[in-house]
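Report on one structure; see the data block that follows.
Going by the order they are written in, the chains are A, B, C and D; count residues from 1 in each one.
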């Protein structure tokens, strides 16, 4: 990655990190209701993949999708607004944390059903293929989702029909409290896409440059009509599964080990080495201001009126 | 107007949609050269090729989900579920995704998707190949449910369903595939949400749909010999239901039977009966009676199967109860 | 009798079943050390170990199917579906297999299986984590459906469900997990199929179940201040339904409201209303009124969510309609 | 296989073949209603596997299950009775061709939902495992069923939990009209179990001895608690998918090529070589008589009374 691009990737990762932290705090305060799944620790996957995308490409994400939205250029105020039920929210609060959609920036949607987005992404790729749009579709999901039958059904069809879809599995070692070794028989996630003849690669999900490079490697043949590709990004969620998680199923040592590979730290070190040390605090300040402004914009936006909840069940012709 | 089979009318609607709109694609198992288990798509593969007539592996949740994603992004997939029984494998994609996304994504996406599902018993196929499962989907906001009873409606309703911007479950009563009737040629649609009075009477109403319409008409014939004239209301669209038509027939007759192929408990008839109770109580001269399949799985052997399915005799008995 | 939380009463039933019967096993996602998304199985892993408390991958159709096979061959699995919404992924195994096999295999196998499903909205979890889907299963012959409204019933009905030789869908209203009440100690069962009169009145009946029972009681309190005394019938078992209790309350009051958390159209209330219409028409002084969630997906933001859920105000409005 | 065992295997295969032919004829005559999926051509798989089983083992089968039932020792009269709705039928006609059950002889059940029996078999193996019964469970299904999500979910769990279940995929090259090359991405069915770390082997499904040997090889470690195993049996259905199939999707040449490997012919040749030539016509006569007697017994059995259809929806405590 050229240094300027790395800098902007860093900025995006930082935006995701600080937004997620802010969302967590608002949740604790009670300003956000419901549930939310933060992606702290996994920022490099979202940003690395997004950096490899082109205009017109589309993303389908899962329950842990705030980072994917922001990486695609989502507006923090509209994300916050969605979580806080404001008019400004991407779906005016109808969707909430797990059901975001911003097709205008290429985020087709996030999904509360584990694995539910995988056939949908595959279907978007069918459209791209048949309508010759040239778009690539990216589908994000976790290690746990690879145990859903629909994951297999979808990959099989994508391979049979040579669809332009890149499957990105964020292997953060756990599905909620269940470690991969107790849910993925054989322990080898890559064996799954490979069983369908899909070329698959594991990448260091804490290294945004490595992720971007892997995504580009995967996307080039895919764009050339060679069919789907698969990336397993080795990563870790630093926070709990959701806000109520007490993290009893893993050790503090394991967490500390992964924290050493914090994607933000790794990128910061690279940038410092490259002579950008002075710029970094300035970026951080800018991001913090951006978030503060977003929060203000969100709070200024009116709550979505309750009576609107009865509208729009059906689309008009 | 030419006469044609119900099955051919469905094929005609598919054929015309494929010709009219390049974004229409068909998906399903064995819908290519084989023509589908009931021959509905016969010849379409040859005419439109494998990019339009997409044969899928046996992966119901997967290919319905693929159709949902495709519908969100510019295609208009028409999916065939070989037997309606198999739709349960795709219940998640239909209920948690197809039906909800337009609403929860606040109108940013549409899911113009049709799911064709041959339904019903009477052929000895056994419990996993004979169900009417429309009742399972009746509560699903965002989904439309349609079921034709005549070849003309089969064509017209399917054409309308394919043009609808919402997911539509299109139920094809297997028992009617061989029925014949006049069907308008060319571009022909029947609006969703509008019931059809299949027979006029003043003494009682039989409210039904699909393969039970002929049953209702047969019973109405017998009742007429006994001096009772029945309105037979063919709902055509089960969701959203034509409440105006419901109210009109009840206001006229004050006595109703709801008839369906599926099981009694939790059936379409329950909803119809509840609506009438809520909206037309003062007009009622007797409690709304339901006639439906017994609350059992569908057994395979023909005499057993007939024992659990609704019959003219059961309808006549229900009519008796209305005049007790 | 000790007071306990509804959630603890469920755990107590599981604990006692695990102790009493070595063939009982629990299955589900994160039900081990994590204790399940709602903490219901907390401590059981430590007490019974991983052979009895079986954590599964995220494979709903698969692990429900595994439970069906296990139930056919000597185990009594109690499966937790983390949120009822996910049960749609397992609809095939429940409807096409678990519920039918005893019948279609002519009694040669039994499927003593309990599926626990936390259901309901009100927590801002959004459309895929908030549904009441019991209506989807109401038509399924061979399946029983149970839903407790008090901690005592939570324990007693679950204990009975686990001993029942049939597949039982056991619905746990999330909104009640934090409710407290007296719960009999030790071996305690409440028979399936028997409703409970939660409040006695003579002027109208509110027929409901689960999390709506407290809502009904609250409304009954307000109505009482206005001089109307309501029977509140807690159905407890939705399938098979206690028709005797239904008839008794209708015979007494002649005016009914059916109340539920799930959507109006195609809901449990439709069946209740239809049964009353069929069986008690002469006793009715007004049409049966339904109060339920609006026919929309459940939106996430709290004010929107509340706008679509049933309320005391809606109940009072329905009561007004009964006396119009 | 010792010669006597081969002889008895041949007899069983012949019984299946001639029963299926008779059932087909009765169907054409209208004496059997509904649908049925005959297993003509695939007899060696059913019999080869059944020969490797022990008392207490259990079988779960699919829609094409007549052969599995007979291979397990099912009574022809009770099979016919099931198809003809007689009291003598295994389920008195409630189940029909696709929903047979004969737990008394180890056939837990057949299944009308493609792939539906796979988790059920896996659950039976969970019982065997936890209740320490020592039984092995066999699960039969076709190539098409390996595209169902629940296939993957089940194999994953069986492998994770080391369950004693042998998955037998009868790869007859087609799922209804769809050839394996258009439904199984990558074309390699064995890659699927192997992705879960399940040991898997392909065997000549027309050679009953080879099938039996493979089943024994697979069952030995499985019985020793080493977890599930998988066999792909390469076979061919000589008849149509169901009685209405016009076989437009494959060539007569392909069929002729496979007919050369008719499992009955292959076994007959072996037996002739081994000096049993005289015995073979005698066996055939005996099997034909057995079938004729079964048909008579079936026809003597009364039709199941219609009113029984309302009974037994729920099991009594």
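In this text, a contact is a pair of C-beta atoms (placed from the backbone, for glycine too) under 8 Å apart; a residue touches a chain by one contact, two chains touch by 3 or more.
Computed from a predicted model, the values in this text were never measured in an experiment.
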Graph separation of chain A and chain D (steps between touching chains): 1
Most distant chain from chain C, judged by the mean position of its C-alpha atoms: D
Interchain centroid distance [CA atoms averaged], chain C/chain D, Å: 40
Approximate Å spacing (C-alpha centroids) for the pair chain B, chain D: 36
Chain D: positions in contact with at least two other chains: 92, 94-95, 99, 111-113, 116, 147-150, 152-153, 156-157, 160, 182-184, 313
In chain C, residues with contacts to at least two other chains: 57, 59, 61-62, 85-86, 89, 92, 96, 103-104, 126-128, 141-142, 295-297, 299-300
Chain-level touch network, classified as line, ring, star, complete or other: complete
In the complex, chain C residues that touch chain B: 61, 85-86, 88-89, 91-92, 95-96, 99-100, 103-104, 126-128, 133, 135-142, 239, 241, 262-263, 265-267, 269-271, 273-274, 276-282, 284, 286-290, 295-297, 299-300
Partner chain B, residues of chain D touching it in the complex: 33-35, 84-85, 89, 92-99, 111-116, 144-145, 147-149, 175-178, 182-184, 248-249, 303-304, 306-310, 313
Chain A-facing residues of chain B, complex: 23, 25, 51, 54, 56-57, 59, 61-75, 77, 92-93, 96-97, 101-112, 141-142, 144, 163-166
Chain A contact footprint on chain D (complex, rising order): 147-153, 155-160, 182-188, 191-192, 194-198
Chain C - residues contacting chain A, complex: 29-30, 32-34, 37, 55, 57-62, 85-86, 89, 123-129, 294-297, 299-308
